[in-house]
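One structure below.
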Amino acid sequence: MLEVRGVRKSFDGFVAVNDASVSVARGQIAAIIGPNGAGKTTLFNLITGHLRPEAGAVVLEGRDITGLPPHDVCRLGMGRSFQRTNIFPRLTVYQNVQAAFLSHRGRGLDLWSRVDELYRGETEALLASLGLRERAGEVSGFLSHGAQKQLELGIALASEPSLLLLDEPTAGMSVSETRETIRLVERIARERGLTLLFTEHDMEVVFSIAQKITVLHQGRVIAEGAPADVRADAEVRRVYLGERR
Amino acid sequence: MRAPWELALLAAALLVPALGSRFYTFLANDVLIWALFATSLNLLVGYTGLVSFGHAAYFGIGAYTTGLLMKKLSLPFLIAFPAAGVLAGGFALLFGFFCVRLTRIYFAMLTLAFAQIVWAICFKWNEVTGGEQGMPEIPYPSLDWMGRLPLVGGLRTSDHFYLVTVVLVALCLWVLRRVVGSPFGRMLTTIRENAERAEFIGVNVRRYELAAFVLAGAFAGLAGGLFGIFNRGVFPDFAYWTKSSEVLIMTLLGGMGTFYGPALGALALILLNQQIVSYTEYWPFVLGTILIVLLFVFPGGLAGAAGTALRRLRRAA
Amino acid sequence: MPDFSFIFAQSISGLTAAMFLFLIAAGLSLIFGVLRVLNFAHGTFYMLGAYAAFQFMQWLGPGRGRFWLAALGAAAAIALLGGLVERFLFRHLYGAEELYQLLFTYALVLVLGDAAKMLWGTQQKSVSAPPELGGKALSLFGATIPYYNLFIILLGPVIALGFWLTLQRTRAGRFIRAAALDRETLGALGVNVDALYTWVFVLASFLGGLGGALISPMRATTPGMDTEIIVEAFVVVVIGGLGSFWGTFFGALIYGQVLSFGILFFPRFSIFAVFALMAAVLILRPWGLLGRPLK
């Protein structure tokens, strides 16, 4: 489904991602892990089009999307959540998710219809599946961190992606919130037949649901494969010594 | 259907000439035109989050277009007025194309640069724009047909033009209202709230910003077209940067978070101006002091104050 | 083809204009670099410097050395004004949105601009050139250059160099540069950032006021010169690069030459040329000559 081939990106001489290759099969749940500064977010940004790779290619469902701007990548079926919660703070929970539907269903250039009732059914259904239905009218900027992260997920899902990228979806969450979020993510992935690619710091989370793990260190891929294999990999253990939970 | 209070306001506006005072009609006319101008700017500032320092450029282009077409080419208002919007929108497309590639301070600086270019051309192109002297004596549109109407037939020409202004401004505001309440308008607010996120729900941010820029410019042009006639003359300072700051102040003062905020700001500022000017010639001093006081009383700005008030209401409810 | 002496004379007038602009733009650039705000009121400080110089000259009367006293006095007065404005008013807006900070500086333009009208009326004021330099001129390459112009042309680079050395070599200068890069860390290191900001404002206002005072023998002092000069200062700062010191210097040089030769080739559109240049820079290379490239 997604193939990243040998991408490279440097900033002012510092090589953040160096000849990295990742591949994710349709319907798979894959994870990218690595210590801080390993280049995970940069790699994500390269995949989603926020950054342009200096070398290499990104191929989505057989189509070369290298260098396409984010809005085009999104329209091709990739959804993304961000590490730092990225919502529309002064819009309500309902409006946040509805906006994604409006854009995805091509209503963005409609200058005349009244917007409030459009896609109400879909929006409320999606909010309900995330447990946010009762808070639909609240201004999203005032939500708790955990709720905002769920909303983020909702926005990403409203674009009806076939591939969902999650950048540290449980960052800053308590243990119970983490468990809840992961269960939610897994359920939704299963229900919608989504392919999932996420980055995480929390090893428990990774090893509990990932079917394939890619390990990044200083911009390079040092291991890739099934969880058990990665766990046993010598270099991975060395890199993570002292960082394992 | 429109809210009752909007219709009441429209009715009130239409009734102003009935007061029989040339002065009140003049004031109301001024307020309406600036209200449209400020609301057009708010499409950029309040709804899309783009602060323009050069919005007066389109106001000036609109004014000169209508003035030129009516005075030099003797074209009817029916052509000259829409032409103002079309030409202003056209220039907004040209200038905006470059402006939306920049962010924040650079965006603002480029809007300023383009506005100063427009001003410089109007100021110096003596043959066409009349140069520094501008184009005085812009004719009123032919409103004789209004003389035959019941009720309003007996009014002066300036009153007739005022009524035309009321109808046109109301129409323009209605259109703008529909636009901001549309899916397109909602997309603009997503850009304002979080442009990065907007990109990743499939919004081509630059294209939407340009669209907003063009719409804002077009309506500013329409306001300018009306103003040139109202003012009985078109002058280069219509495009000067201080004009841009006047309209920006109205927008901020009235509240960029609501649709009618800028119109309210226009009303407040013009009425205040009238009051103050009757006591002292130092209106800028008074305005500046009021602005400074407001900035300190509402540290988050008027929008922040409104937000705080709203939050308190929500908690109480 | 105009003869060389004419070109040279144009060049000199461009250089003179450039040096004045540099004085004002340097202050603007300094405030933007450190405080991250575009100070619309900077043009007004310049205008007040000119008025203050006029006033001091009225009080001091003509005579040797009086002009220099008046000029320095004016610059100091404006520096004090700037300091007071920052300390008691502007400081409280640092947490507010940028737009509201800009609105404040514009409100200052309104208030101070009108205050000048209140104090000095709307009639043009003029200040005579200092007797030491006035009336005499140098003949070079067939062009006549008044000594005062020469003084200004030489003063510009001297001030630029002095300023630059201060920024590079002194402790205060290092703090200023650090504040421009990362004010939070600087504060965390125990530097009194608040006081630093006030001093930056004072210094910038001094330069602006000095510029106004020094230009008063060459141009009539009238209301409205503040709104004119501030957009010119914006152009300079954009061409040179927002926040870059030498960028402002070279930006001013370029501006001066474009303006004076613009008059030569497009006599009616020289003002147009300057803004077209500003637009071109923003379109092609927004960070200007020497600014930091955008992300």
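Which chain is which? They are A, B and C, in the order written, and residues in each are numbered from 1.
Throughout what follows, a contact is a pair of C-beta atoms (placed from the backbone, for glycine too) under 8 Å apart; a residue touches a chain by one contact, two chains touch by 3 or more.
A quick note: this is a predicted structure, and the numbers were derived from the prediction, not measured.
Novice: Report the chain whose CA-based centre is farthest from the CA-based centre of subunit A.
Specialist: Farthest from subunit A by mean C-alpha position: C.
Novice: So which chain ends up closest to the centre of the protein, judged by Cα positions averaged per chain?
Specialist: So the chain sitting closest to the middle is B.
Novice: Between subunit B and subunit C, what is the separation of their C-alpha centroids in Å?
Specialist: Once rounded, the distance between the two centres reads 33 Å.
Novice: Would you mind pulling out the distance in Å between where the CA atoms of subunit A average out and where those of subunit C do?
Specialist: The separation of the two C-alpha centroids amounts to 50 Å.
Novice: How far is the middle of subunit A from the middle of subunit B, if each middle is the mean of its Cα atoms, in Å?
Specialist: Roughly 42 Å, centre to centre.
Novice: Once bound in the complex, which stretches of subunit B touch subunit C?
Specialist: 51, 98, 101-106, 109-110, 112-114, 116-117, 120-121, 123-126, 241-242, 245, 249, 252, 282-285, 287-289, 291-292, 295-296, 299-301
Novice: Where on subunit B does subunit A make contact in their complex?
Specialist: It comes out as residues 178-179, 181-187, 189-190, 193-194, 196-205, 208.
Novice: Looking at the complex, which residues from subunit A come into contact with subunit B?
Specialist: 48, 50, 69-72, 74-75, 79-80, 82, 86-91, 95, 98-100, 102-104, 107-116, 118, 155-156, 158-159
Novice: Can you tell me which positions in subunit C touch subunit B when the two form their complex?
Specialist: Subunit C residues touching subunit B: 38, 89, 92-93, 95-100, 103-104, 106-115, 117-118, 227, 231, 234-235, 238, 242, 268-269, 271-272, 275-276, 278-279, 282-283, 286, 294.
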